[in-house]
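The letters A, B, C, D and E name the chains in turn, as written, and every chain counts its residues from 1.
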Amino acid sequence: MGDRILQVDKVDLGYGALKVVFGASLHVNRGELVGLVGGNGSGKSTILRAISGMIAPWSGHILFDGEAIKGARPHQMARKGLAHVPMGRQLFPNMTVRENLLLGAYLPEAKAARHENMAKVEALFPDLTRYAHAMAGQLSGGQQQMVAIARALMLGPKMLIMDEPSLGLSPLFVKEVMAAIRRVAETGLPILLVEQNVKQVLAVSHRVYVLENGRQVLDGPSEELQGHPMIRKAYLGL
Amino acid sequence: QVEVGVINSLSGNFAAFGERYRTGLQVALDEINANGGIKGQQLTLTIQDDRSEAKSALAAAESFASKGVPLVIGSYASSITGPLAQFLTRQKVPMIVLGSADDSITKPGSPWVFRAKHNSTIVAKAYFDYFDHLKSTKKDAPLATVAMLYGNGAWPTSLAKEGKRLAAERGYKVVGDQAYDQGVTDFRPILNRFRGANPDILYIVSYAEDGVAITRQMREVGLNAKVIAIDTSAALPSFVQQVGKSADYIATAVSWSQDVKYPGAQELYERLKAKAGGEPSFYEAEGYLALMVAADALRRADPKSRDSVREALATTDITTPVTTVNFKSADGFQGQNPIRSLILQIQDGKHVTVFPDDLAAKQPQHPTPEWSTR
Amino acid sequence: MIKHLIGLGVLLAVGIAYPAIFPNNLTIAISVLLFAGWATSWDLLGGWNGQVSLGHASFVGLGAYFVAIGQSQFGLAPWWTMAMAAVFAAILGYFWGWLTFSLRGPYFSLSTIAVAEILRLIAINEEWLTGGATGVFLATLPEPFGIDLFSRTAQFYMALAFAAVVVATVIVISRAQFGYQLRAVREDEDSAMAAGIDPTATKLKAFMLSAALTSIGGGIYGVVLAFIEPHVIFALLLSVQIALTAIIGGRGTIWGPSVGALVLIGAGEMFRTTFAEANMLIYGILILIVVLFLPRGIVGELARRHIRRLYAKRAQS
Amino acid sequence: MPNVLRADGITVKFGGVTAVNNVSLSLGSGEILGLIGPNGAGKTTLFNAVTGFAPMHSGTITLLNKDITALPAFKRTRLGFGRTFQTERPFEELTVLENVLVAAFLTVGRRREAERLAMSVLEQVGLADRAHQPALDLNLARRRRLELAKALAVKPKVIFLDEIMAGLNPPALREMIAFVRSLSAQGLAVLMVEHIMEAIIELSDHVIVLASGEKIAEGTPQQVTSDERVIEAYLGTD
Amino acid sequence: MAGLDILLQNVANGVLMGGVYALIGIGLTLVFGVMRTINFAHGDFVVLGMYSAVLFNALLGWDPYLSLLLAMPIGFFAGVVVERFVLSRVVDAPPESALLATLGISLIIGNAILLTFGGEPRSVQVSYASSTFSIAGVNVSMVLLLAGIATVVMIAALYTLLNRTEIGRAIRGTAENRLGAELVGIDTRRIHSIVFGLGVMLAVMAGVTLIPLLFATPTNTGAVFTLKAFVVTVLGGLGNVGAAIAGGVLLGVVEVLGASYFMSEYREAYGLVAFLLILLFRPEGLFGRTVKRV
């Protein structure tokens, strides 16, 4: 158990009266990059929202770093060391990139390590120093995505979850973002990555879970799944 | 048991006055019942809040009308009393005006509406009689010019209008004429302009609270005048407390005062004071007056018949510690008591009746010294 | 639509019988009907079209003044002056909207307060136009077919007709092209343009219609009060009450504003007669409770829950 | 091929920034024009300028030989433009059917007929079974289709599609590609912005590449994808 | 030359009144900027401040400025409570809900005051209420000047708080993107509570500072203040704290000059016309920034 940073146990999730995720279970080990893929509306984002405390599970439970996260709100999850790069990036558009990063290290523990983390982040994303004083809202989509990941790292997190970081990015940026994710993973940070781009996910991840209509249908090491007929048919279009 | 309906402003903008009127009504009620009620029956009051708005007042009036009360007393603001008077006239319910002073309620008026207290014609006349009086008694301080400042509500506007008419009639030159809207009260621009016109008389009509600000700022900008009259806010006991020494010399018209030379005035004052738990004003007295008039009519009439109550009211002829009352029709008015307004002046922090001469407790202090010398 | 129209018919029938059943509670019923009509008119703009106006008292005042001045100065019968008021209100609404529709959200709302306040000041100060601060008396009225328009019963039927016409208008519009244009503009102006809708023209039409209907109710109100003072009839408070009634009842719903009028005025009257000087405090608490527990308004919240439930059932099966 | 749409010398500026600089394009009926370029290149801005949603600095636009440069957006719609928005913008409080109905009313005034038209469009995009659901509750793929349905219900001659494939999983993507092809087969002129190169290559007759507001390349998909500058600025090397 | 004298005097008065208006407006600006809520109860909180000064004066004989020491923390606390129990529950509802809630609060505050203090206007009489001194022939009212100083101090403090401190950055972050702020670990509910607390604290402070100058009534005064606060904030730029002072001064000068040289009965209208013009031609306010789309 000790090597599991995240464990999601038979959770049911939904909005209002509508249930959209049915008994999903997954886990992420320390140092692991795990992919979560599935069709549109299959509930991937919903699961991420539950993990970071934006919505509460109807049943089942979620353990983060060995601790049940009942009723925790997003900022409390951040405090526990979970960084979420959400869909739409959620930057502070009228603040400079630097201010965005500084706010990333808002929490006391992160503040202590602010310089250290800033150096790390700048090493991972050398471009950022160029835009440091630009307003985040003026950057292009790809650049904003970089800032979003960098801001999450400023937290000095124990784990990173990301929702479709490549959405709407040009092919060049998709490659860059994926490379960046790989670099981050190589530092040993566990990552749960939600992506439509299954090919890319399989290429960078250790393991993958597949969700269909709110139900988990498949999981296993990425190499194995690469050859799985269902994956080839439904997700790689082969 | 005889029930009288009262429509009064207990909440909303006019609640401060509603409280005072209620005190007066209750003092009268106690007195009436202590003296045997109405033909041996207890008199009861049903007071309904009108929230300081006509809509609610009309709903209250309808419930009173259908309940069969012999008469209704109400309310303070003319914007409420006006519609009320219209409605009760249609319903043929006798009505006694509680606090409204707007002329239009009794002019042309209706056979069903009675007002024992004063109106803007009477009040304006009292002021100008007072000015004339000062002019004739103190020749060394001639009064020729007047500047007017008034809120844009119904009462201040009509009092100013009547004032302007009288100024023209009696040969005063109007050198300033300004209405203002009730906002965050900064009167400095107007007062500064008045200072340039150098008026002998300042004729100011304000809602209760604005007079305080005007007085303070008058001193601040150094606007001097020989006579300063502020209606109606200077009549409130709290006025003196809020402007302190600057309140002295200021004159204001009321329908009643503690030291007026009417029999029983002082005693009424004590009773009002005891009931209110604070310093009473003429508002309490007007409340008292309204119910005393009602009781008198009810004693002389058949309380079951509104017609007979109306007739009794029309033939009212009583003397109370507030004023004598008889409703006659004159000068286009109907159902209006020709009450004599009093002029109070604040002397050493106290309201003192100074005019008309025969009712006055003291002589007016005149002229008002300049601010720089006080 | 048919369902709603039938509902309206039934209510109308009940309404017609009302004065016979409760002859002594007409004033309050008139208030409910007028507010139902005003709030429903307001809702055409505020709810269906999403432009929250806090200046509708201007149109109430306009109607009341047209009727009072028309009668007392020119001897014009109220039905003529109400029609004139409606036309004039629509024109005023046009220029008002033209001036302020470039503003969105809270900025629009604030601008309506400003315009309405300026109109109030004009009504108070321009004596030649309005009779000034002391107001106008309505002493006589014509008697069509021998009906005394000053009687509460006649006024009740006028108010009933007014409310019914407004609600019927909204019922018809809600299912027509115009109704969808209104809602499309409310939801997203750009997206509406992409569907070929002219947002400004749509908003202007909504404003004009809303203004015209409101002013007709204002004319009736003038007859009911028979004495109007600019401070009262143009008050920001009245504008706020109209908006409040619609929002509490449920914005953008057919019956919400009427339900809002019934609840607010009914409860208000109950409080007024039972709690004396504390009644407005309790009224404030009532508003807070509705907001906290029914954030979309009474009808709005019920409708939403109903739809959610239906849809959840369908999705699950 | 007869010209349906011509845009000449389009320039759009925001404050001091030139977002689109002197770009021209033309489009015939049944033709599919692809528009690609890095994030922030000005693709959406160009769309907005042509459809009338962003004020132009200079340039002229003609639709079927009629100069429409000065017309507001809704009038262009009435003359034959249909468009989607990059971030989908359904009328959230309306049902799916009502959303489309709003657009259908443009060409048919009678409610019954408008409803029939709306239903048939919904059928076309495969949303008919969701007709009475609130639009708010649709998932991404369905929202995209609703966007499309709204654009189609105005019976356009030219349709502008802004990244309608982004975030779709492979099966949904295949369907969408087929659908766009069917539109052009019906004679519609299609202008589409896309980062999914698969779709661009498969669908476009002609491709324009924007970078920093400038047209840097133009030609068949094969031509542009092998263009050095396009690879450097947009596609990246593997 | 007399004309110039009077003009100078009028401008000076306008500027000083502007300080008063700014003071009334800043709390509203702050709350709108962060929470996007138009607080219809703002003026009532100002009135609450006035009554607290009246109360401290009556019970303890304190000067209003002394009662700030107690009134401000109490105001902050009251704001936090209102936010916690009311506003925080309607954040996800349509924006009109928050507006309605503040209307309800406004009614409750006004009528609660009415029930406790009665309807009579209240004020605190201080020795410096009408005192003036003159600089270069221009008379300056002592209370107005004190209020102006209080305004400048308060706005400077607020500006520093927002732009130079960690919590200030968190407040701005919350204003720009609530979810984003939550995700970096900012407890945005707490931020909202703090901001509303600050807003009410500023309103209370305005009330206390103004009581020597104005008077308080339970229900009418609040609405007047709220309206003024709206005008000030829009003139300066909704949500731009520093600009509130510019908005206030602009309003003060426009009103005073209008009332002095044109018709004084339209005094309130001058500010409103300026307000409309600014809204129409510079909706972001005189000093507001345009919000870039993301």
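Structural remarks
As a convention for this text, contacts are C-beta pairs under 8 Å (C-beta built on N, C-alpha and C of every residue); 3 or more make two chains touch, one makes a residue touch a chain.
The shown structure was predicted, so the numbers you read here are calculated from the model rather than taken from an experiment.
The chains that touch chain B as well as chain D are C.
Interface comparison, A-D versus C-E: the higher count of C-beta contacts falls to C-E.
Averaging C-alpha coordinates per chain places the centre of chain A 50 Å away from that of chain C.
Chain C and chain D have Cα centroids separated by 42 Å. Here the CA centre of chain D is 48 Å from the CA centre of chain E. Computed centre separation for the pair chain A/chain E is 43 angstrom, with centres defined by C-alpha atoms. Contact of a single residue of chain D with at least two other chains is seen at positions 137. In chain A, the residues that reach two or more other chains under the touch definition are 18. For chain B, residues that reach two or more other chains under the stated contact definition are 11-12, 15, 18, 152, 179, 181. Pairs of chains in mutual contact: A-C, A-D, A-E, B-C, B-E, C-D, C-E. Remark: chain B residues 10-12, 15, 18, 47-49, 51, 53-56, 58-63, 65-66, 78-79, 82-83, 85-87, 90, 102, 104, 108, 152-154, 156-158, 161, 179, 181 touch chain C in the complex. On chain E, the positions that touch chain B within their shared complex are 6, 9-10, 13, 17, 20-21, 24, 111, 114, 118-123, 125, 129-132, 139, 141, 213-215, 217-221, 224-225, 228, 255-257, 259-260, 264-268.
Against chain D, the residues of chain C that register as touching in their complex are 175-177, 180-181, 183-184, 187-188, 190-199, 252, 307, 311. Residue ranges on chain D touching chain C, taken from their complex, read 51-53, 72-75, 77-78, 82-83, 85, 89-94, 98, 101-103, 105-106, 109, 111, 114, 133-134, 137, 150-151, 153-154. Across the complex, chain E is touched by residues 52, 54, 73-76, 78-79, 83-84, 86, 89-95, 99, 102-104, 106-107, 110-111, 135-138, 144, 151-152, 154-155 of chain A.
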